[in-house]
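Heads up, the next two complexes both have subunit A, just with different partners, subunit B and then subunit C.
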Partner chain A sequence: MNRYFRELSVAGALGLLLALLAVVAPAFYQPQPLLSLATREAPTLVVACGMALVIICRQIDISVGSQFSVCSVGAGLLAAHGWPAGLVLLASVSIGALLGAFNGVLIAGLRLPSIVVTLATLVSLRQGLNLVRQGEFVNLPDGLQWFGLSQTDGQWTLVAFALGLLLVFAVALRYLSAGRFVYAVGTDTEAARLAGINPQRVTFAVFVLMGALTGLAAMMNIIQSPQVQPLSGNGLELKVIAAVVVGGVAISGGRGSVWGMFAGLLLLACVSPTLTHLHIEAYWEKAIQGAIILLAVVADGLRSRKENR
Partner chain B sequence: MSAPLLELRRITKSYAGVHALRGVDFDLQPGEVHALLGENGAGKSTLIRVVTGAHQPDRGSIAIEGKRVTNLTPSAAQQLGVACIYQQPALFPDLTVAENIALRLEPSTGLRLVHWSARRERARNLLARIGASISPETEVRALSMPEQQLVEIACALGAGARIVIMDEPTASLTQKEQHLLFAVVRDLRASGVGVIYISHRLDEIFTLADRVTVLRDGESVGTSLVGDINEAGLIRMMVGREVTQIYPPAETEPGEVVLALKGIGSSACPVHDVTFDVRAGEVFGLAGLVGAGRTELARILFGLTPADRGEILLNGRPVILHSPQEAVAHGIAYVPEDRRRHGVVLEMPIAQNMSMAVHRRIFPGTWLRFGTERRHALDFIRDLAVKAYGPDAPGGSLSGGNQQKVSLARWLATKPKLLILDEPTQGVDVGAKSEIHKIVRRLAKQGLAVLLISSDLPEVLGMSDRIGIMRGGTIAAVLPGKADAQEVMALALGTAK
Partner chain C sequence: MKYLPFRLLLALSLAFAALAPAVHAADQKLVVAMLPKAKGNAYFISCKAGAEKAAKELGVTLLFDGPTDSNAAKQNEIIENWITLGVDVIVAACENKEGISTALRKAQKQGIKVVTYDADALPDSRTFFVNQATPEGIGYSLMDEAARLTNSEGEFAIITASLTASNQREWMKYIQARLTEKYPKMKLVLTRPCDDLKDKAQSEATAMMSANPNLKLIMAICSPGVPGAAEAVKQAGKTGKVKVIGLGLPNENKRYVHEGVTDSVILWNTMDLGYLSTYAGVAVAKNELKPGAKSFKAGTLGTFEIQGDNILLGKPFIFNQGNIDQFDF
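And then the complex of A and B:
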């Protein structure tokens, strides 16, 4: 069980927090607010699945927030033009995949460092969007919201869909050759190359997938409200990277699982409602989330030092 | 006679149970150039690390200028006047010559004001002392390799070095640059500095050195005045070891030509005009010194470096290899050198390591099958006698020899026609070494063509049916197996008439 120690300890921390809430703030366990919380986090979970892959592959993508905004606005405009919901979804995923492919070509093809490439795309996509849209909101047609379902049904659908996707990624990482290759490339790129794996192709595919998932998440987000906010993706990258790191995916690549990421995401998501229920000022939220991230990173650092000895 | 500058007595050092030095004696007199000679892995580098304080000897004593020193650290060694000039100078390319010299010589408090003019002046003086016409204000990036070496020597002088170690200083120099460097070495000698000079080039040793010491398998074979010995004598000292190991004999006649190279060369690495062939059932050894181009050639054959000249024929058909994937598809397998870094993924279980190159074959459907993978690994663990607690053991938990077997298993699983082994027994204990030799011979018997790259001369001689000797990026000669060790060494060194 030693192998999953890191995942289990995050899950344990989450369990403790939930137990604490059950005692001091049973009001937290009302179904409707919980469902709303889960619905808000569903798109984040989808993006975090992609980010887990990217980081296991020893890369990083900090442009997901901007990609998310571009996909949201793009999808919103197409929907406002009268495209049917299914096509809008397809378009959003495709836009994301294209943006991811652009990152992928620079990172895998030209072998540029992903932190620099995605920093550049983060800034240029965000500023480009500002320039074109001047911060204007997009009004969505009525039928798009919750894909025409009732709000509760729509919320359940989104949450179930995100959880299903999580399961798909967990299975794929463990039971597909492609998943194994992501770990191999992330652990030791040169060893993977010498073993006949094409690290460039794996890296490129991971970035395309990251973009496609971001497009999907953008769609999952815009159907929750009647308008598209052009800045909806700002700060998303920090949120998902934090979830991935807290969940025990090694930032140095090759290690971790989407289950750990899931526990990390839930832990971070529960901070804000906990504070509300305990009547602590909301300003503390970021500080506490930061402390959790720091704790996770220190734990990983200590563990790898112990192993290297 | 005055006390020697440096006196090493019975120095012993081992790494993880492997003896790198066993009771070596060595001394250096003032105003002497003392050459250190030996095959790859004979212990020269370890001896240097002991003198520079980078490594502590397990046993034995070090005396500098007659005074016994213990617990020598790199900074203590520098203060006692030891300086080492490496083949690749370790200077900061973006700083000027004066700044580089200052960084070495000034105490690093970090808060003192910098005397720029004094720095430049000192650099100018030091460079003038060795007759180098380099401006102190030049950025090191703009200097040639020999100029950088001169800067290193200036640093050594500035630090008041009395013992200067030069590790293959001429390896990347032209003839003319070599003569300049020799002149500086002679000046150093005339001023009473002792120079330990490491080189593979015997002619340099004869022109420059006063005495020569030969190391072999971590032992000092002997020290001689250069005037008392000739090239043949030196080579005999380097290779003349009794055969301590029994090599499994070749039992089959070689079959069809599997790999044929015709004038292979590459502009991306110093390999040129390589022509030879390897037959099925044959072990073709590649001997040569480090840097002769053997690994570079292997990388070309595995599609890692493009060959832009010549032709590669596999089973009689010309092939172009752009990537390892293509090489694998053509039935080529490459067990790389330095398995700790790239041969085995240390964090991964050995079962995953062994299946890595053959996913498509052993998992024909969509899904990985852990049962199949486990059985696949168990077969190889039994077949190659890998000592591990099971298929789930991480690669990093195994000993060097067993890691090598895992790396070998990964490639045997691809059912290759040509197996390239790059230093397969480096850093492997004697028992595992002989097991690997038996495996290689068995594979050849099964009809595999084996290209064996090894710096271990007895191994190449004992294992190979034919031996290609590489020097300067090309094949200097192809000899039959059981060739004479001295002849092979002479060809590798380039002293054969």
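And then the complex of A and C:
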């Protein structure tokens, strides 16, 4: 019980919010809008899985928003050139993995701090994309939306896929040695090295995976509408880092789970529709999200102080 | 004697040099140099189409050059080149107000007339600014169009870029003013920001519709918001029941306009903007249009109002099923 206290408290807060909505704004629970909102969050969940790994490994990747945009535009242009959907998906994941590998080489290879490296890639990728596209949308071919499925089938597929991936990550992080390596490196790099783990290799792999997942998420996002906006990933990094932190993954590495991240993501994602349903001014949205993050960080701080005593 | 051929040559070339400006003035056409923010941008290509039409009617030469990307320094370089070349008038859309003004003042000192369009420079570095849209014009047009589509009654909602952006607040102010003044049966139920993201606009519009079952119209006042709202309405199966209008670009909305999801997209007519700017530039160069004028007649487009040193393009243009395919930007 104590071990999962943090995850459970976030889930509890989410439960309270959902119960409040059930009483005050039952219209929130209509199936179609709810499925649409879940589908919109599915790509975010995929990116957040990668971010949970990165943060557990005691690193951070703030370039995911730009990676997401680059993958979206790249995949969109290839699709517009007539590439079949399967190949476009592969290309999107590959572009993401390459961008992740670039970060990985600098961080794991040259041992540069990840916050500086990914800040640099965040800015340069975003500006590069602005230069090339000047904000112009990419129009996608007709058959690409929902991969040619009906809208409802497409939406369920995306949601189920994201949840499946979450399950895979939960299991892999807990039971596979590769997953345990990430915790080991995040907890104490030197101890991990002495235990025979190659921390640089683990860190590199984590960044490549982060990129690949971002590419996958970009594909999951572009098939939801007939156009790609080159800015589409703006602000994504904050959204996923917030979800991970609120979900109880320690920013100091080595601790936390993807389940906590999942609860954090849902909690933050529900803030905006809740305000809309309760007719509360939009000014509050960012303030409330900020307060949730602050609360989570303070809770973490108090816990680690108690442990250190 | 030995030097005669050389001297002759010198004399001849001097004579030609003296003659050259005279030939230029008498024979050569007036040269209008038009500077876009970015020359590959479809928006400015469409301005250029209008400018070319005007240049043909006026019998002037049109130069069209600009940076390949939105680059303020490159704009200055191009102006320097035009000063060296000795064009008659520069018609400029300015990337950086302060940055470009020095170069434009230099051009004015060399006797080149300057008119700005789309985005202004500092007032002392140009004679007129061709103003494509006033906040009042935009706000009133959006509200009038919303009223027209809903028979002036019922609930509607607004998607903005952000609640704090100054242009958005300005437009909101005029939308509100028009609403209270003319449409008492319409009700603005909520305003949500989309951070200039199409995908966020879609999520917001989805929540708006489920929270307000009687919603009749969504008005997006930032360009990514219009296709975002349209996709939400389409996915909710509410095409036609919830109307979508907004401030945006034709190419981003064509699909939804043809599908009947989006009814109207409001902006200005970019071809008219290029046409009017060219006419104004030529008139200033010929001294036919001087500061203090109250109106200006531009070819087939008719007469335009001048407020101070702003030539007003007038009411915004409404793109709909009937005309949207004529525009490519």
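Here is the rule we go by: the second predicted complex is superposed on the first by the 309 of 309 C-alpha atoms of A that agree within 3 Å, B and C clash if a C-alpha of one lies under 4 Å from a C-alpha of the other, contacts with A are read in each partner's own complex, and residues count from 1 in each chain.
Here is the rule we use: a residue touches a chain if its C-beta (ideal position, glycine included) is under 8 Å from a C-beta of that chain, and two chains touch if they have at least 3 such contacts.
Predicted, not measured: the structure shown is a model, and the values here were computed from it.
Novice: Sharing subunit A, do subunit B and subunit C clash or fit in the superposition?
Specialist: After superposition on subunit A, subunit B vs subunit C: fit, no clash.
Novice: Would you check which partner chain A:9 touches, where first means subunit B only, second means subunit C only, and both and neither mean what they say?
Specialist: Neither partner.
Novice: Does subunit B (first) or subunit C (second) touch A:254, or do both, or does neither?
Specialist: first
Novice: Contacts for A:151 in the overlay, against subunit B (first) and subunit C (second): which applies, first, second, both or neither?
Specialist: The second partner, subunit C, only.
Novice: Is A:232 in contact with subunit B, with subunit C, with both, or with neither (first, second, both, neither)?
Specialist: second
Novice: Of the partners subunit B and subunit C, which touch A:36 in the superposed model: first, second, both, neither?
Specialist: Only subunit C is touched by A:36; subunit B is not.
Novice: Give the label of whichever partner, subunit B or subunit C, reaches more residues of subunit A.
Specialist: More residues of subunit A are touched by C.
Novice: In the overlaid three-chain picture, which partner chain does A:180 touch, first (subunit B) or second (subunit C), both, or neither?
Specialist: A:180 contacts subunit B only, not subunit C.
Novice: Please work out whether A:134 is in contact with subunit B alone, subunit C alone, both, or neither, and reply first, second, both or neither.
Specialist: The second partner, subunit C, only.
Novice: Let me test your reading of the model: by the given contact rule, A:190 touches which partner, first (subunit B), second (subunit C), both or neither?
Specialist: A:190 contacts subunit B only, not subunit C.
Novice: Check the superposed model and tell me the shortest C-alpha distance between subunit B and subunit C, rounded to whole Å.
Specialist: The answer for the closest subunit B-subunit C C-alpha pair is 38 Å.
Novice: Which subunit A residues qualify as touching subunit B in the complex?
Specialist: 174-177, 180, 183-184, 187-188, 190-198, 254-255
Novice: Would you tell me which residues of subunit B are touching subunit A in their complex?
Specialist: 302, 304, 323-325, 327-328, 334, 336, 341-348, 352, 356-357, 359-360, 363, 366-368, 410, 414
Novice: Within their complex, state which residues of subunit A touch subunit C.
Specialist: Listed in rising order, the residues of subunit A that touch subunit C are 25, 27-28, 30, 32-34, 36-37, 40, 131, 134, 136-137, 139, 151, 221, 224-227, 229, 231-232, 234-235, 272-273, 276-277, 279, 282-283.
Novice: In the complex, go through subunit C and note every residue touching subunit A.
Specialist: Residues 38, 40-42, 69-70, 163, 189-193, 195-199, 202-204, 206-211, 213, 224, 227, 231-232, 235-237, 251-252, 255 of subunit C touch subunit A in their complex.
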